[in-house]
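Inspection log for the structure reproduced underneath, given as structure tokens.
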Amino acid sequence: MTHPVTLFTAQWADLPLEDVAELAAGWGFDGLEIACKTTHLDVDRALEDEAYLRSRREILDRHGLSVWAISNHAQGQLVCDDPLDFRHESIAGPRTWGDGSVEGVRARAAEQMTKTARVARKLGVDTVTGFTGSKIWRYVAMYPPVPAAVIDDGYEDFARRWNPILDVFDGEGVRFALEVHPSEIAYDYWTTVRALEAIDRRPAFGLNWDPSHMMWQDIDPVTFILDFADRIYHVDCKDTRIRPRDGRAGRLGSHLAWGNPRRGWDFVSAGLGDVPFDDAFRALDSIGYTGPISIEWEDSGMDRRSGAPEALKHVRSLLWDRPQQAFDSVFTQKS
Amino acid sequence: MTHPVTLFTAQWADLPLEDVAELAAGWGFDGLEIACKTTHLDVDRALEDEAYLRSRREILDRHGLSVWAISNHAQGQLVCDDPLDFRHESIAGPRTWGDGSVEGVRARAAEQMTKTARVARKLGVDTVTGFTGSKIWRYVAMYPPVPAAVIDDGYEDFARRWNPILDVFDGEGVRFALEVHPSEIAYDYWTTVRALEAIDRRPAFGLNWDPSHMMWQDIDPVTFILDFADRIYHVDCKDTRIRPRDGRAGRLGSHLAWGNPRRGWDFVSAGLGDVPFDDAFRALDSIGYTGPISIEWEDSGMDRRSGAPEALKHVRSLLWDRPQQAFDSVFTQKS
Amino acid sequence: MTHPVTLFTAQWADLPLEDVAELAAGWGFDGLEIACKTTHLDVDRALEDEAYLRSRREILDRHGLSVWAISNHAQGQLVCDDPLDFRHESIAGPRTWGDGSVEGVRARAAEQMTKTARVARKLGVDTVTGFTGSKIWRYVAMYPPVPAAVIDDGYEDFARRWNPILDVFDGEGVRFALEVHPSEIAYDYWTTVRALEAIDRRPAFGLNWDPSHMMWQDIDPVTFILDFADRIYHVDCKDTRIRPRDGRAGRLGSHLAWGNPRRGWDFVSAGLGDVPFDDAFRALDSIGYTGPISIEWEDSGMDRRSGAPEALKHVRSLLWDRPQQAFDSVFTQKS
Amino acid sequence: MTHPVTLFTAQWADLPLEDVAELAAGWGFDGLEIACKTTHLDVDRALEDEAYLRSRREILDRHGLSVWAISNHAQGQLVCDDPLDFRHESIAGPRTWGDGSVEGVRARAAEQMTKTARVARKLGVDTVTGFTGSKIWRYVAMYPPVPAAVIDDGYEDFARRWNPILDVFDGEGVRFALEVHPSEIAYDYWTTVRALEAIDRRPAFGLNWDPSHMMWQDIDPVTFILDFADRIYHVDCKDTRIRPRDGRAGRLGSHLAWGNPRRGWDFVSAGLGDVPFDDAFRALDSIGYTGPISIEWEDSGMDRRSGAPEALKHVRSLLWDRPQQAFDSVFTQKS
Amino acid sequence: MTHPVTLFTAQWADLPLEDVAELAAGWGFDGLEIACKTTHLDVDRALEDEAYLRSRREILDRHGLSVWAISNHAQGQLVCDDPLDFRHESIAGPRTWGDGSVEGVRARAAEQMTKTARVARKLGVDTVTGFTGSKIWRYVAMYPPVPAAVIDDGYEDFARRWNPILDVFDGEGVRFALEVHPSEIAYDYWTTVRALEAIDRRPAFGLNWDPSHMMWQDIDPVTFILDFADRIYHVDCKDTRIRPRDGRAGRLGSHLAWGNPRRGWDFVSAGLGDVPFDDAFRALDSIGYTGPISIEWEDSGMDRRSGAPEALKHVRSLLWDRPQQAFDSVFTQKS
Amino acid sequence: MTHPVTLFTAQWADLPLEDVAELAAGWGFDGLEIACKTTHLDVDRALEDEAYLRSRREILDRHGLSVWAISNHAQGQLVCDDPLDFRHESIAGPRTWGDGSVEGVRARAAEQMTKTARVARKLGVDTVTGFTGSKIWRYVAMYPPVPAAVIDDGYEDFARRWNPILDVFDGEGVRFALEVHPSEIAYDYWTTVRALEAIDRRPAFGLNWDPSHMMWQDIDPVTFILDFADRIYHVDCKDTRIRPRDGRAGRLGSHLAWGNPRRGWDFVSAGLGDVPFDDAFRALDSIGYTGPISIEWEDSGMDRRSGAPEALKHVRSLLWDRPQQAFDSVFTQKS
């Protein structure tokens, strides 16, 4: 087995961590990518209450699970997003949202991210996965016209708001891994290039490779691994199924709900979609990635309790032992 | 398990129903889609002989099998087909063929269809699957030229001959489900639209979704489910494998026998071909279809006794439990 | 010649209408689709000042040009868009923007749209093309999660704000033709279906077929014509070139400027891109569309004065005389 | 110019030959492929009436036109077709149809074909293009089941009926060139192989390469030229446009009229479709074909008087002068 | 089970034959395709030393393995290759290489091939698989220019050098099966045609179907089986995975090592790549091939001890029992 | 007009430069990319004989032609190629070939390249286009196995042999532009990366963008321009037509002659193939390339005297005037 396989807990946030751990261990996962949800890992409490933090570890230990990364997608999203609205209030939690004043929310969210780095350190975890939000995502349609300076400012805003957070990460020896995703400062290949440049490619900031949103944007997830080889800090497996072209299904989802078969694409349990996971795992090995493969399980057409172990089985079936020698090295005839 | 899986018995008509039932039950099927072949279900006898009808049920009960639909493809084919020839005689059976006079055959075949509805009722079955034949299929090449009035008349002929049959279906509370197929009044998407219009979209007439002939005609079987959502009355699974283009293999089959690898496409056991069954089953759920998935097993390259259980296994592997809630419903942070 | 060809004036708004008319006539256009820009057609002034309105006509007459539609994309955009920001101020003009209060701007923009209908009537024009804006476009990424009720409300907001405007259009006997476009209530096929339903498919509201944004979303512009046949009120020709997949160029444009060759697609002069204009013009004839073909010229790689006549030449080359009879009607042998 | 370009007159059969000749010459054609329609070339009369035959030549001479082939598609169709119905009556003409008795019609049609060979000889023409009909075309759907022996018999029926005709062709030194086409004994690649074998590849029987029906069947027209190199006796240019897949448009045409944009494919004027004519003309040269390129003009969306000269212009633009030497023969450095 | 499955031993030449046999038998293989490597089968010794030859058989017998073919790729390669260099020395072995004089090496390699036929005969094996080398492969780029006469001479050189070897094969009643491959006289479809013609299609020379190098050259491996039906003497299964186009990965491998994910294609364990093995096995049955399916296992991303049994499992899963009757033969209604 | 268009003279080397100049000027070319062939530009003589050099200029001046680059493909090829054989003797010319000793030929060819730089300088030309040859091209098939060290040595050999030549280029202020091509040290994307690294990306060495060999290798010529933006020193236009897949035509050309339609691809006159020249020219502008577009005319199916002016017309038709401003810059409403 070349990589441990973990379960990302965000999609199970309605269950206590104990239950998620029990399920995951029962299915054979090696560990959890714990989401900083209050039901799973409350960062405020973890910094204030040693017993609480210890309880998190004990839950893992009891089930023989490890942790290589923790996630804080929701708080990260609030750092740069513009505007902030009811959607953000829904994911922020009352402590961060507070009175809802825009800069207040952003400051509290940024603080949550630094706390997340500190909790990671305390848990012996080197990587925090998550989102950044974006000041300019909403201009993606480019009408009404958007001057180039506005786009430039969006990347600078990202750098202004995240560099201080990343300084704390550096202090803790923890790295942040952005999941490239619509709504974020980087949502495809060239925005990733630009985002990395905006923070001078500082090592504290890397990527959480999740191919699901690359597929429908025509971004090759294997190319992504190879070209950003030194920035692949974590791997999330979510699969996407592209429907064959019918001239009606659109790339943007048509404001249709997840699982509506009229959508042009949808998330499916890893192995049921179009992500070339075998190629991707080979590419990850080629760049020297040795971390976990984490299953972020989202599929509107399956019960998650059937799906998660199915996805685990699929992923493990592709994690071959790697060879000791080149196959053609034995062709030499010596006698 | 979201749908029962049945075996269509037409491809096993050389065996007595008892044997088919034993095989199917042994492989794990939930029921049979019984073909009205004399070896399986003789409609004349079933209406005249209560004991015979009871014996059919007992065979099923003995093997723990249910029945949700019965089929009468052959008799339906004779209702509209033009001309009738040796091929029709072969499938008609001597009772329907009689002296072979064209309108006589058609009348007897129509009567067989009404009898099939009555037998279905007696068996507690709501759906009869089958064919319609077509007066205009043979003009498909459009040379020598075919006036529009001839095409119009073809659809009207279908309505004239089938409306009285459907009246009997309505009387019995049974629905007819046409398998869209070359040789029938509807063989693709737009002919299905036109056929439905020809009978004013009366509810007695719906569709038996079978994707196998859609594939090589470039009809998207998932689109078909969504656009004819209120007319999908039954589901037959037969798979089709399209050969990659080589400039020689044609879409029309080149008068080559099934299984000849020079054909541009061929039927294969469900799961070995190009039908997107996972997408299709999700679409069926989205339109509220709750009926059986019936395996119509045809593959010229496999023994049917190896193939049928293989196909069952494949189909069942895609019938996931459906979820209780949206995956993103748990993202809200409450505390 | 089956359709007149007009030039859309929005891309020439820096020039006085006189100059645009002279250029267009010189290149051989049959008319203009006049944008309600102050340099071309100031609707406030046109309603208050008969001489001004007359001057517009005289400019056209002097150059032998006709007008079949006028456009007011910018004001329409302001009616529903949310939030309104610097981009909207830039296109609103000071009269509509006023103090910038959100509902104030929306009300003034709505009034501008009703005025546009009245001006159209006075000019003898039956169609106003334009945008609607959208309350929900910005939720397109669906993260943070967006409840279904929010999407529903977006379509209802559109209906609430546009129905009163359309009442005025009805009063004037003028129709509104929405250009389906990102940022609008309808940006693809299924959002168009939903938008039409939201206003009960009232005849005052139809579509300005512009294929350019359909191409990169995988929407078939010919299917669009056929399926929305009774709602195609106007035709704008803008072409789009899709770059072959390279795994890096994304469908969303990567916040890269128009004309940047790293984009996955870009606008090009009609005829240089992937829009199947020949198929589209045939489809337009088949649905009985008899209006103008209007060239909306946008191409970041060509000078507009070279491009507009080039595009005109291309479009005209596809506007064949239609046949008098079916080609196979002469195959009958009479003697 | 490497090949003369002719106009096939069948699509102009409502006009007297004089008018067609005048039009064709005016557009710049080099000759006519004259259809044996009574308005153009009445074979009975031509064999009985020397003056009539002379008049045909004079019409051509007057307009500077040549003739390399004459066509008799309609009569050929009647030789094998089964059943014969109203469609055949429409194309047969009263003399061939007579009392309509099946074998009577077939015999008279066969005689017309032998007469066509004799007329060709008298006109100094070596090639007759046309159809054969088919006893088995109507079994193309393969349901109701069709035994292999029936297919075998179809090819044998073709041989039985055509060998005597071809004997007359041999006697006259004229060759027959079948247009591979649905409804004929050969409609794709493998049926062409089988048809040629059925008559032992006798030289009197060859092919009229017309790519239009190959396109939608996925037959590569260039492969066809290369693989049947010794049987390409004539070339007809008709173009076909395949619509992009939309999951609804079918390969079989859906009983929709020519020109209906919901069809999956349609005929278009040469150069507007998907036939790779440049590749094809190069392939024709490579096999040593030196005959005419004949334009069979069919396009439901264009007036034929606009279309024919447009197609001529397109075809001529691809008939380059061929080179004298290999381009890399000059790379040798001699001093 | 329709075909035995064997393991090709060349990729295991660093292990003694005993070990390979034990492994293969343990995994369930039916036999070995033994490579004439000194560790597995030393042809010189086998002809001189009966006990040695017997020991080879005993190893197989002990493990219940059969042998249908032996291979001598390396010696065959030396027969025609030009120039011979360090690469050839590496595979030649010291006995064949000797003093390294070009014609000396070629003569000794040719003798090894005749010895291989003799050993095959003694082992009761009818088929020797292998390579031929090529005098003209190195001119594949066609710059500097290559006269046609040079190409002609390459095929003649092949015939001159191989005909005497094939005479010995004929004498022994053994057939040679060339693996079509870059570096060989036949590396694709048309070079195979030409190579067969060069030796007048003598039956002693046939093909070892290995699809792996066909895939990246766009050669359809199923077409290959059908078109060379009478020359398919053996089957080797090696799979190839083509990476999706990204505009940078090239077809020629870019001098990148096997397993480098920047390559445009790579070898993978059978079942993980793009070879249509199901179609291919059906085609092999259709041409009457009854020999073994041999797994030539090469995958730079897997340990061979995990991969070989995995590939065996995949291949066996496609070797269905073939049917006894046509599926539609039971549709006839007899009573 | 954004770029001058030149004619590359290598394909006209059988004609005196005077004749080529007259032809090119007559067709409307702006200049010549002169091949250092003795008939066009003899570098030895040009360095020794001022009058000769002056005569070259006068020929150009007389016809109003300019020169931006000269080419020496043949001599460059000899610098690294291994082995050298009859093909090289054919292109070397007797002075370079001399006694044919390998290192002698290489040294003389290297000297010719330095002389070419000196002649360029004297002609006021900044760029020499050409080939490099390659020590490792012949190992492209990777069988017999090729150790990584051999590949490494191939790039080092290139650096060793070319760095001294490039030193002379630097001294003259002239740049060398390699045409990426099979047989050269760089034949695709990744070999170009590696070749540039081998010489430390020294500015004296850049690329002559010629898309023709990229097409069949699946290299995107536009990506190539963008990724090697600082190394595009010259542009050669040769087009390539890829035949649709037929399962028989291979990517490697099958040792078939240019123009054989069974090849999988072939060179065609610019505009008749698959190179996306419009996209490419836009990309060239985006990287700031301001040099000539040179037509390297090779098409086995056209006479060069028809083809060259045809290609010129095509290329010019895509060299649009570039715009003065962004099209959406005029959307702002100021009053």
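Labels for the chains are A, B, C, D, E and F, by order of writing; each one numbers its residues from 1.
To be clear about the criterion, contacts are C-beta pairs under 8 Å (C-beta built on N, C-alpha and C of every residue); 3 or more make two chains touch, one makes a residue touch a chain.
Just so you know, these numbers come straight off a predicted model, no measurement behind them.
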Where chain C and chain E overlap in contact partners, by chain label: A, B, D, F
Same-residue or different-residue interface between chain B and chain D, half as cut-off: same
Chain pair with the higher count of C-beta pairs in contact (D-E, C-F): C-F
Angular offset of chain B relative to chain C [C-alpha, multiple of 5 degrees]: 180
Averaged-CA centre spacing for the pair chain D and chain C, given as whole angstrom: 45
Distance from chain D to chain A - Cα centre to Cα centre, in angstrom: 62
Residues of chain E engaged with two or more neighbouring chains: 74, 90-91, 142-145, 220, 222-223, 244-248, 257-258, 262, 328, 331-332
Contact footprint of chain D on chain E as seen in their complex: 142-145, 328-329, 331-332
Parts of chain D lying in touch with chain A, wherever the complex brings them together: 244-248
Of chain B, residues touching chain E in the complex: 10-14, 37-38, 74, 90-94, 241, 243-244, 246, 248, 257-262, 267-268, 272, 297-307
Residues of chain A defined as touching chain E within the complex: 220, 222-223, 225-226, 276, 278-279, 282-283, 285-286, 320-324, 326-328, 330-335
Touching residues on chain A, where the partner in the complex is chain C: 74, 77, 83, 86-88, 90-91, 136-146, 148, 150-151, 154, 181-183, 187-191, 194, 216-220, 222-224, 227, 245-258, 262, 264
